[in-house]
Every structure is written in C-alpha cells, then in structure tokens.
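Shared between the two complexes below is subunit A, which pairs with subunit B and subunit C, respectively.
Moving on, here comes the complex of A and B:
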C-alpha cells in the first residue's frame, strides 16, 4: 500500500463514528470473521486505524477496495454534504428504454472520452437508485480520490442529484449524463439541501399531496382538540379557516425535511415613508434566506397559527409546488431565475 | 364597530368570566386550561385573537369581567395587534378591568425600547402590567394565580374590594426618567 492509499483510508475511517464503522464493515463483507473479531471498536480512533491498516495490507487491498467501502458508507448515510438537483430535459423517444448495464457502459465511455484520467464506480442501490462515484483527474494527474463527486440518478426519471461538483467538472458530467440517458439537455433544478432523501421526495412528489377541490372537506373533527366546555374560542371559524388554508398549500401529511429556501430579490423598493429609496431607479437587490431544521413544516405551522398571513403567499407555496428552493424575484413576478 | 361593554349583561352567581386576547394564540390555550381548574369560583374563559369580537357570539357571551392582553415581547406584531384591539373596548373597562401580560421578557433579543413602549402603553391606560413565563408549567401556574386574584376582584367576588380600588394600587407607572438616556 502506498502513502496515498493509506491517507485515503485514514480519512475515511476518521470521518465515520465507531459504531457506524462496525456496521459498514459488516455490510462490506470483505474481512474474514477472525479479522472482524480482532477489531475493538471501543479503542481510540488512531489505534483502530493502525489495526485496520495492517489488516488491509495483509489482504492486499487497493484503492479500489477502499473506494468501495467509502461508497457503501455514503449510500447508507446520504444526508451529508450539499446535494444539488438537476433536471434532464427533452427525452428522446428511446429514453424510456435505457436500462442499467447499458447506462453503465455508455456513461463510462462518454466520460472517459472527455477526461483521460477518471475513476468511475457505479452501483445500484436497493431503492432503484443508481449511485455513481467519480474521482476526477485531468490530462496530467491521476484521479483524486480524496474529493470524489457523487451522483444519484433514478433511471427513467428526469432527475439527477449531485454532491461536491466543481464548476470545471460540471459541463463534463452534464454531457456524459445527457448522452447516456438519451436526453437533449440538462438544467439546474434550483433545489439543494443537505438531506438527499428530502430533496428527492420533494422533486419526485413522494409525500402526501393535496388536490384543491371546490368543496372543502370539513376539518373540525380532525383538528379540534377536546376542550373544556368553559373555554370558548371567539374566532373559532377563523382558526379552522387558517388550518384549512395552510393544509391546502402544504398538505396534511409529513413534509420533506427541507432546510433552507433562498429568495434573491431584484425588485423596486416600495415604502411610502422612505422617499429616497423608493425614488431610486435601479432595483433594490438583496437575498432573503429562510432556514430551519424542517422549513416546510415551519411555514405550515406559521400559517396555521396565524403568524404568517393566509392564504399562503405564492412565494412560499411554490416551494413544494415547483419543487425548488432558490428563487429570483423580479418586478414582474417570479423570474426564470 | 361593536364595543365590548363591561355592564351590558347581568352577572351569574359565583362566576367570573375572563377574556384572553393574544394574536399568536399560543400561550392563551395553556393559560385557559389552568384557569378553569379553579374550584372556588366558576371561571369561564373566552379566547380571542384580536378585538372586535364577532357579532354572532354576542348572545352566548357572558359578561366579561376582565380583559387580558397577552403580548409576546419577541414579536412586534403581537404588540401592534394588542394596541389596535384596545379601541374596541368600552372606556368602562379601563377602570380596573383590563390588564397586560407580557411574555418572553427575559429573552435576550428583546430591545429595551420595546419594553419601554409596553410599559408606557400600560401606564397611559392605568392598567397593571404583569410579566409571565410561558415555557414552564411553573410559569403558567404563577401567571394563573395572579390573574385569578385580579379576576376575582374584577368580578366582584371579593368583599370590600373593587376593581377600581385594586387597580389604583397595581397599575403600571412609568419612572420619570424613562426617556432619559441611561449611562450604564
């Protein structure tokens, strides 16, 4: 094992908590039972790394094996790092017939054509997702395994999720993806977040949806707590109405755990009390960012408790409807971003 | 515009009625649950987001003995809403049948000017200003006890004491140097 391989392994082990390391190694299933037994996970990290290094050298594991282990760790803990969503556009007629082996081959060959030194690993996860790990190099240097890019794509869907991709690598990946999935183009879906599952659910609409009807269903039985007869709410109608409005915009069920939403404003400043700002010709530029551990849930709570006015403004309700959390707002409404 | 009047209805025997006004409708529910636990007198609680109260409840609504405005100090909206609601009250209420309850006062994000504004408001209306902790059960119990004391007097259930008399002792007063810059 050379120095680089050792460093790669050290970095990987350091990133994982001891308990997670144990389960990942068990799932990986490349160590013998005796080797598994010899590992003591209560030891400090540096001692554990030393033992693992000797075991890896005994088994003559290479970079390939370590990347395999890393991939397993990332697949099982996808909620790390910043995930960005991309949208494939204009599918060809044959796009629906793309299947895994074909996609694997095509993607690898297309990307290798573009970059000479690149290491690609593709693995299909149980939930139909295809995971791709790319370690980039350039014309002169070997692939850098310390900063791999991860790509998640569900075959036959137009969505791709990518983490840690630099702007230099973006066109290369885009081209390889569009060609191998037989689409015409790819664009930024303006959705990003730390939780892969959340942004996937939001884009693929895998949560309880609402369909507005003309005849609102009665809400009273579901939401009214049994209260004391001596406590009476004067504006009970308003409360029920607000709940209804909030649920119409965001649904009744569990919402994807989105963590932030960013609005870039490029609108004219409007405030009657501030003349100098209102009379300025150029738009007032600022960025408004909402952050929460579960943003959509928070907004629904704000609307139903009356902190935010109802009906919910289209600016907020378009997060679940359009499936994006980055907006550019111009004076003529939501811009194309 | 319908004014809420303190003496437009007859009182019921051994009953006190309290109206809790809070724009956020968070604290009022726990407070109401604690208030109705009182056994010595029958306490009826009405909850409202803001005044004026809807006309259709006019018939069923008992005589309101005490109006409490709950102001969350971390939200300016809550103060504005309470201020706007005040003009739907009959002047008769301000003779000891209104009080303010400020929550979240110890929160570090509350600007001092804001606390001053609330104190000035309470002082200008000759109303008591109470402070309460809404996060802990102890805080809720404490606030309930204080409100019940005022409520019993306001409902005329305490012999020899009237709301006006008590309010002249408990009303909020603004220290004369509130507008002076402080040097500490």
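Moving on, here comes the complex of A and C:
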C-alpha cells in the first residue's frame, strides 16, 4: 500500500466512532472471520489503525476497497456534511424510461468525456436512491480521493442532492446529470442542510402535510374549572387560535430537521416616524439568517407561543411550502432565487 | 449590546429617564449588588457620550503586543481595586506567581496543557502607551509560558496563557475617590485554559485583596431560535444618520471630534432595525436577547468575550469596557 492509500484509510477510520467502525466492517464483509475477531475495538484509535493497516496489506486491498468502505459509511450516515438540493428541469419524453444500468453507463461516460481523470463509483441503496461518489482530478493530476463529492439521486424524480462540490466542478456534474437523466437543465433548489434525510423529506414532501382549509376547523372544547371564566375563555381562545394558525402553516406532526434559512432582503424601508429613510429611493439591504437545531419546529413554537404574530408571514411559511431555505426578497415579491 | 427585555420598553413609555438606567444596567448583567449603591452607580452612568475617536496605537505598541491584543478573543472580567499593587514590582510578581502555580500543581491542580511534565514560567510586563489619561494606571500584561522538562536550550517557550489588566479613560471622580494604596485596573482580559485563569485570579485575590467577577456584556440565554441580522454598512450608516439629532454634515471629512451620541439616538437606531425586521417576519426581536454584535471594529458577545479587529478603535472600545467594569463592580 502506498502512502496515499494509507492516509486515505487513516482518515476514514479516524472519523468513525469505534462501534460504528465495527458494524461498518461487518456489513462490508471483506475481512475474514479471524481478521474480524482479531480487532479489539476498545483499543485506542491509533492502535486500531495500525492493526487495520496490517490486515489491509495482508489482503492486498487497494484504493478501490477503501472507497467502497467509505461509501458504505457515508450511505449509512447520510446526516453529515452540508447537502445542497438541485432540481432537474424539462424532462425529455424518454426521461421516465431511464433505468439504473443505463443511467450508470451514461453518467460515467458523459462525465469522463468532460474530465480526463475522474473516479466514479455508483451504488444503489435499498431506499431506491442512487448514490454516486466522484473523486475529481484534472488534465494533469490523478483523482483526489481525499475530497470526494457525493451525489444522491432518486431515479424518475427531478431531485438531486449533492455534498462537497466546488464551483469549478458544478457545471461538469450538472452537464453529466442532465444528459444521463434526459433533462434539459438543472437549477439550484435553494435548499441546503446538514441532514440529507430532512432536506429530501422536505423537497419530496415525505412528511406530514398541511392541507390548508379555507375555514378554520372548530376548536375542541375544554372542560376545566376556571377562576374567571370570561378572561380564561378569551385567553384560551387566543392560545388555541395561535396554535391552530401555527399548525396551519407548519402542520401538526414531526417536521424535517432544517438547521437554517437565509433571506436576502432588498426592500424599501418604511417607517412613519422616519421621513428621511422612508423617502429614500434605494432599498434597505440586509441579510437575515435564522438558525436552530430544528428550525421549522422553532418557528412553529414562536408562532404558537405568540412570539411571532399570527398568521405566520408567507416569508416563513414558504420554507415548507416551497421546500427551500434561501430566498432573495425584493419589493415585487419573492425573487427567482 | 443592549438587552431589550419587554419591561424596559414598557418602562420607557412611562418614564424616559428611568428606562435608561434600567437598560444600561441590564446591558451589563445587573446584579443585586448594584442596587445597594444606587447613588454611586447612577453617577457613574453615561447616557450620552462622545462619538468614538480613532487612535493610532501602532506607534505606541510593538507589533507583537498589538497582534496579541487584536487577534485574540478575550474573556472579560472586572476586578475591584488592587491593594498595594506596584508597577515597579513586576519582576518579583513574576517569580511569585510562577511559584504559586507550581505549588498549586503539586497539590494536584490539573492544568490541561500539552505535556503535563512541563513547568510554567510567568512574565509580567507593562504595556505602556495604552493609558489615556494621567489618572489611568498603565496596562499590565501577563503571559504564562510552558517549559518542557527536557527542553533543549534553544527551544522556544510556548505561550499557554495570556491576560491583561487595564484602565482606559477610567472615570476620574471614581479613581480619585479611592483610598491611597489602591490601584484601579478594573478590566481583566484572559485567554487560555480556565484552570490557569482561576489560579491567576486567586493569586491576585490573595496578594492584593481584590475580587474578580464576570463582565457579561449581556445575559447568557441562548434562545432556541438564533437570528443573525446583517445590515449593509452604507444602509446602516444612512439609518444611523437619519436618527441623529444634529445633522452630521459638518463632520464630513474630519473625525467627528466633539459630536456627542445620545442613548435615545442609539435606541431609535435599534428600534428602526427592529421594525424593519418585524415588517417582514412578524417577529418581535425585543422578545429575544441580543447575544452578539459585530462590526468592522470587532465583536462583543453576551458571555463577556470580545474581539478587537481594528486597532485604531481599540482605545475607544477599552474605554467603554472600563466604564462597564467600573459599573459592574460592587464597590
């Protein structure tokens, strides 16, 4: 094994907790039972790496094997790194007929036409998702396996999820994807997050949906004894009303875990008490970023607790409705991106 | 930097002068101790101040010291006046504190610095040129270096902890009111392992009969939802100019020497930003807590961490913090 291969293995092992490494190696199923048993996962990481390096040399494993192990690890732990969603546009009539083998062949050949040195691995996961690992090189250098791009695509859907893609690689990947899925183009879906499952659920609407009704549903009556019935009733009414409005915007169930939403605002500054600013022609430019461990949940809470006025502003309810978390707002409404 | 609890807004409507004090106190994490000295505290409060002046500090400090001061995020504390602290005794203090740390280590203090076999060397020095008025005592810099047990002669020592004590533009009335033998360096900045910080603090407490307390720039409540609001600098400047009482035309070109900034201008500016935000998101920012403010000058976090990114306004920033530390102190 050369130095680069060793480094690749070391890096991969280092980022896996011991227990995860154990299960991943078992799933991978390329070590003999004896080798598997010789590994002591309670050892410190560096010692474990030494043992694994010896085993890998014994078995004459190469970069190919290590990337295979890495892919298995990434597929089983998809909620790491920053994932960006893309949207394929204008499908050809034959787009619906693209099946896995064909897609694999087409994608590889299109990308290889664009990039001389590139290493591509494609694997279908049980949930129908196609996982692609790309190690990029260029005219002169070999593929860099230390910084691979991961792409997840569900065949017959317009959605593509990508992590670790540079702006240089983006047009190359876009072209290979549109050609191999038989679409005319691809655009940024303005949605990104640390949890692949969450952004996929949001975009593919795989969570409990909200069906807005024109008329609010009747509120359930409560039969609690109250001290001052009139005030209590009014407060209970307000609370229930807020709750209902919050849930009408975001649903009642568990929401996909988004970490952030960004709004680029270029709107007029309006304030009756500030004539100078209100009369100014230029828009007031600012960027607002909302962040939380579960953003949609936090906003729903803000609305139901009264911190955010109800009904929830379309700017915020657009996140689940439009399935995006990056917006450019100008005075004529929601901009294209 | 001001925390804007709902009650301060309500109070503001009722009585203007009262609300200033409330929000100023809460801005520095009001403690009940402050309540015991209302007269003195009120005297030390500023509701109006001069516009910040830039200082060319690069001529006064050497580049190494300047880099240390401006490239580090400092954890801020306040310190009550030091009894019988002498700027002429720094060499001796260095030896004493080194010995103190060694003794603490022997008693089983765990200082997690790479290579536990190493010993520590303390260096006290004066950062001359930082003090602004004759009454400000000179700033003192403290550095702790680790010395590996088996280090070669030429091996450079590694700095593991830094700290400083300063008083910049300290309120002269307050400074003059102190009994003789007390040196007031109310601002303490530290960077490094907490264990070392607390050893240094307890050495000061034992030797100079002083007391350290956290200088929260605000209350530390992390809301479940964090909002970052970044305003285009030109637009922010225009909004600021629009809320100023005196038109700011004459100061074009020259430093706004002499112009003063009033707290209600600051509040109108903040209110302007909040209402613009509310108009879009229907979310009242006053409900939350302001946890961090960053500008080209630097950043201040509610947990008392500051970073100075522009040396020209370092003195102004430290002046404000000195004021805050004096205000926060129980005496």
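One rule holds in what follows: the second predicted complex is superposed on the first by the 310 of 337 C-alpha atoms of A that agree within 3 Å, B and C clash if a C-alpha of one lies under 4 Å from a C-alpha of the other, contacts with A are read in each partner's own complex, and residues count from 1 in each chain.
Definition applied: a contact is a pair of C-beta atoms (placed from the backbone, for glycine too) under 8 Å apart; a residue touches a chain by one contact, two chains touch by 3 or more.
Worth saying up front: this structure is predicted, and the values here are computed from it rather than measured.
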item: Dominant toucher of subunit A (residue count), subunit B or subunit C; value: C
item: Contacts of A:74 with subunit B and subunit C, given as first, second, both or neither; value: neither
item: Touching partner for A:21 - first (subunit B), second (subunit C), both, neither; value: neither
item: First, second, both or neither for A:238, with subunit B first and subunit C second; value: first
item: Partner chain in contact with A:307 - subunit B first, subunit C second, else both or neither; value: both
item: Contacts of A:173 with subunit B and subunit C, given as first, second, both or neither; value: neither
item: Partner chain in contact with A:198 - subunit B first, subunit C second, else both or neither; value: neither
item: Subunit A positions touched by subunit B in one structure and by subunit C in the second; value: 307
item: List of subunit B residues in touch with subunit A within their complex; value: 19, 23-26, 32-33, 36, 42-50, 53-54, 57, 60-61, 75, 77
item: Of subunit A, residues touching subunit B in the complex; value: 228, 230-235, 237-239, 305-307
item: Sites on subunit A touched by subunit C in the complex; value: 263, 265, 267, 269-271, 274, 276-277, 280, 282, 284-293, 295, 298-299, 301-302, 307-310, 312-313, 315-316, 329
item: Footprint of subunit A on subunit C - complex, ascending; value: 224-232, 234-235, 238-239, 241-243, 272, 275-277, 279-284, 287-288
